[in-house]
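Next come two complexes, and both contain chain A; in the first it sits with chain B, in the second with chain C.
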Partner chain A sequence: MSGMATNLRVVRALGMRSIRQTFRRPQLMAPILVFPTLLLAVQTGGAGSAVDLPGFPPVQGFLQFMLAGAMMQSLMLAGNSGGIAFAVDIEMGFTDRLFAAPIPRFTIVLGRLAGTAALGLFSALWFLAIGLLFGAEIHSGVAGALIAVVLVTATAMAVGGIGAAIALRTGSASVVQGLFPLVLVVLFLSSAFFPLDLMIQPAKTIAEYNPFSFIAEGIRNPIIAEVDATDLLYALLAIAGIVVLSLVLSARALRHRLRVG
Partner chain B sequence: MPAIVVEGLERAFDEVKAVQGVDLEVGEGEIYGFLGPNGAGKTTTVRMLTTLLLPTGGRAAVAGHDVVGEPRAVRASIGVALQEAALDPLMTGRELIRLQATLQGLPTAEGRRRAERLLERVDLLAAADRRVGSYSGGMKRRLDLAAALVHEPRVLFLDEPTTGLDPVSRKTIWEEVRQLNDEGTTVFLTTQYLEEADQLADNVGIIDGGRIVAEGTPESLKAEIGNPHIQLQLAEGSIAEAEEVCARIGRLLPPTDARTVLVEVANGAADIPRTVRALDEAGIGVESLELVRPTLDDVFVAKTGYHLEKENEAEQDAVAT
Partner chain C sequence: MDRAAALPEWRANLATIAALMARAKNELLRVPGAAIPGVLAPTIFFLGLNGVFGALTQLNGFEVGAYESFVVPVSMLQGAGFTGAAAGVNLARDMEQGWVDRLLVSPAPRWVLLAGTVLSASARALIPATFVFAIALPLGAGWPGIDGLFVTYLMVAAMAAVAACWGSALALRFKSQSAAPLMQAGMMALVFTTTAYAPLALLQPWLRTVAEVNPVTEVIEAARQGFVGGVSWAGTWPGAVALLGLLVVLGAWALREMRRTAR
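After this line comes the complex of A and B, so read on.
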């Protein structure tokens, strides 16, 4: 069996373990699905008339607009949960088992990210299903839904990379868990939950440059309108930027871990 | 070719020198007992030998491969069961061994076959589909050992494999280690239990304060620190008279209490009859008499100045309180 095939088997096996771990530990699963679903229900039920505000983008309904926000929240928390699970592995010594195996060490991180990406995929399908169930239309149809699913999955993987890097660097689940509020701040300072045009300063400027705004718009665009290549391109560039950042941070953190043990 | 060669190995954590110039050699097919108290540098040394930690000085080769220059080749040759049995409590035993087989690059069918064989070997087949979190301490150690063996490694590192286990579970692990060694596996075993090293190891290295303070076979180490002694408890008669008689048999050692005489003898058990005769002729009554051979604890005391097991007990008491 070639080295590449062996590495892929390792990534798949570690990804499967990561998914099983999340489903078997309810405290990891709850933030990914339960919280965003509840927030979606509360916001849609309580602030539905926001769509009538001047400057609100043309949408079929508030639920249609909010689907991207719920997916963003879910994928961010999936990345955070992935980081927590990775840190727990480090704390209990499980990663030593992986580091002592004759595999490239990047496959250990990729395995974890594959699991996080799968959770992102699951979350995208979950919220699309909820949207359709409660009457939201996917404006760009099946192609638009696929674009949203791909963007959510890729972003979950990218954000998971940041979580993995922090876990590797700190080796502490409580530190990674402590970033949970920061995840929400980053999201609220983006266009995930609210249109950019209706924001006030300085939040608006921050949101305009927040890469998660580009991703949120990329996911939202095919849901509420025809696919816009520019929105899609910006979203992909933002994801690529986060991927590069997470790879650099993860590689540095891996080297650090080997140095300090 | 030796299975493990270590020369001047060092590891510092900022100002703290955890390992300070360790030299050792482990022959192919040998069980090497690495003995020392908590914080002596055992685990740090093992982590360097298993490529989990970079040394800050010296060199080490495992299975003929340098731990810094060829870490992948080292990892392919070794099995590792680390302290505290680093197992995922959410996985089942079967999932864990199958994952380990994948990590070692075994084809799926072969990995599954070996997983079943190993689960049977360590008597965990019936519990294989239970989550590891529900296993007892002994079951976890057996599972950890099985996982370390899935690729049939040349060298097996066991870091305190029986710490915290009850005597029955400890003996089960010992039997398994002996059997593995009989099959040709080199075993590097760290332990803080003297009896474990004495029972299992062909060679013992004693580490204290990051340095090897003694090395050799358990027998040679014991012989190094002196001959066995006869310990006799007087039933009647004067202690001074008994000491006078015993001084003709061998060297008197400091007594442990007012009714005990300790005398070092050159010929071991062969010196017992003449000691008994001499005491009898002098009319001294003896309540008990036994030949005490030097233990690894005596070796440890001689080399480090303190008792290893008392040190461990004190630490366990401190943890308990």
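After this line comes the complex of A and C, so read on.
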């Protein structure tokens, strides 16, 4: 078997383990599905009248607008949960055993990220299904839904890279878990939940420069309107930026982990 | 032993509750970092909801000047919900480590053991509430008056007790910290399926229906009254009755689970 095929098998096996781990532990699964679904429901029901505000973009309903926000929340928490699970593996010595195995070290991180990406894919499909079930239309049709799914999956993997880097660096599940509030801060300071033009200062100014705003708009655009190439491009650039950041951080953290054991 | 035996029963019970509360206080003092998520989460929600949904006050029917005033009691009660649920998580941890088994073989009545947990949560909930309130005032939330603040804090303390009963019942039922998401999600649902985001008339029909039957709507309205207008007995007693009802029901459930665990 070629080296590439072996690496792919390792990544697949570790990715599957990561997915099974998440589905077996409710404390890992709840933040990915339960909380974002709950928040989607109460925000749609509670702030649904916002669509009547002057300046609100034309949408079929607030649920249609909010789907992107729910997906963003879910994918970021998937990245955080992946980081927590990775840190637990480090604490329990499982990662040490993997380091001792005759496999490239990057496949260990990539396996975890494959699992996180799969959870991102699952969350995108989950929220699209919820949207359709409760009457939201995907304005750009199947192609638009596919764009949203791909963006969510890619962002989950990118964010998971940052979670994995922190897990490798600290080796502590509680430290990674402590980032949970930060996820909420990043989301609230983006246009994930409300149109940028209607946000209140200083949140509005911060959201204008927050890369997650570009990703949220990229995911939302095909759901509420025709596909806009500019929105899509900005979203892809923002994801690429997070991928580069997570690669640099992960590589450094991996070297650190191998040095300290 | 002799000294304890000489105590009248009610004093022994009070001493046990005080000891359990002192243990919770020591936990807080020795691991202050553990309290940070409970303080941060409602604060972030307050700042986030305000930054994101602040423009809702421009809607017809939203008769509150500042969204900060409207949402600050929600965040204070959310903090109480988180703190109470965290008491349930701590109880689950104590069960996993065998500490609860030792408590259950003691001669202390079950309700006393539960009261220690619940009252600790009530006292602890004042920390995130005060933190959120201190942040909200300079950001534009209205001063609720001494009477308004008193009512809000009363609601916060009682809400934390309700959440602690809920969390304890689940902890005793599942005997695992894995039930933590259920404890948190239950409280989150209870607090947010109310007039948390907007007045009743502006809610979507399904949420309006849920909010009308959700007893916590009355609690939020009672806690909010000082921030958005005047405090009155008519605005206070429905919230107090709702909390009392929730306390009786969830407290009875938690006590039943504790007795079942002891068997």
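Here is the rule we use: the second predicted complex is superposed on the first by the 261 of 261 C-alpha atoms of A that agree within 3 Å, B and C clash if a C-alpha of one lies under 4 Å from a C-alpha of the other, contacts with A are read in each partner's own complex, and residues count from 1 in each chain.
In this text, a contact is a pair of C-beta atoms (placed from the backbone, for glycine too) under 8 Å apart; a residue touches a chain by one contact, two chains touch by 3 or more.
These numbers come from a predicted model, not from an experiment.
K.L.:
Give one word, clash or fit, describing how chain B and chain C relate on chain A after superposing.
P.N.:
The answer is fit.
K.L.:
With the two complexes superposed on chain A, say which partner A:Pro58 touches: chain B (first), chain C (second), both, or neither.
P.N.:
neither
K.L.:
If you stack the two complexes on chain A, which partner ends up touching A:Gln43: first (chain B), second (chain C), both, or neither?
P.N.:
A:Gln43: touches chain C, not chain B.
K.L.:
With both structures fitted on chain A, tell me whether chain B or chain C touches more of chain A's residues.
P.N.:
Of chain B and chain C, C contacts more residues of chain A.
K.L.:
Does chain B (first) or chain C (second) touch A:Arg25, or do both, or does neither?
P.N.:
Both partners, chain B and chain C.
K.L.:
Least CA distance chain B-chain C after superposition, rounded to whole Å?
P.N.:
The answer is 13 Å, the least C-alpha separation in the overlay.
K.L.:
Touching chain B in one complex and chain C in the other: list those residues of chain A.
P.N.:
Common interface on chain A, chain B vs chain C: 25.
K.L.:
Give the list of chain B residues in touch with chain A in this complex.
P.N.:
Within the complex, chain B touches chain A at residues 13, 44, 47, 50-54, 72-73, 75-76, 78, 80, 82-84, 86-88, 90-91, 95, 99-100, 102-105, 107-108, 131, 147.
K.L.:
Could you pull out which chain A residues touch chain C in their complex?
P.N.:
Residues 25-27, 29-31, 34-35, 38-39, 41-50, 52-54, 62, 178, 180-181, 184-185, 187-189, 193-194, 198-200, 202-204.
K.L.:
Considering the complex alone, what residue numbers of chain A touch chain B?
P.N.:
1, 6, 9-10, 13-14, 17, 20-21, 24-25, 89, 92-94, 96-103, 258-261
K.L.:
Name, in rising order, each residue of chain C that touches chain A in their complex.
P.N.:
36-37, 40-41, 44-45, 47-56, 58-59, 67, 177-182, 184-185, 188-189, 192-193, 196-198, 202-204, 206-207, 210
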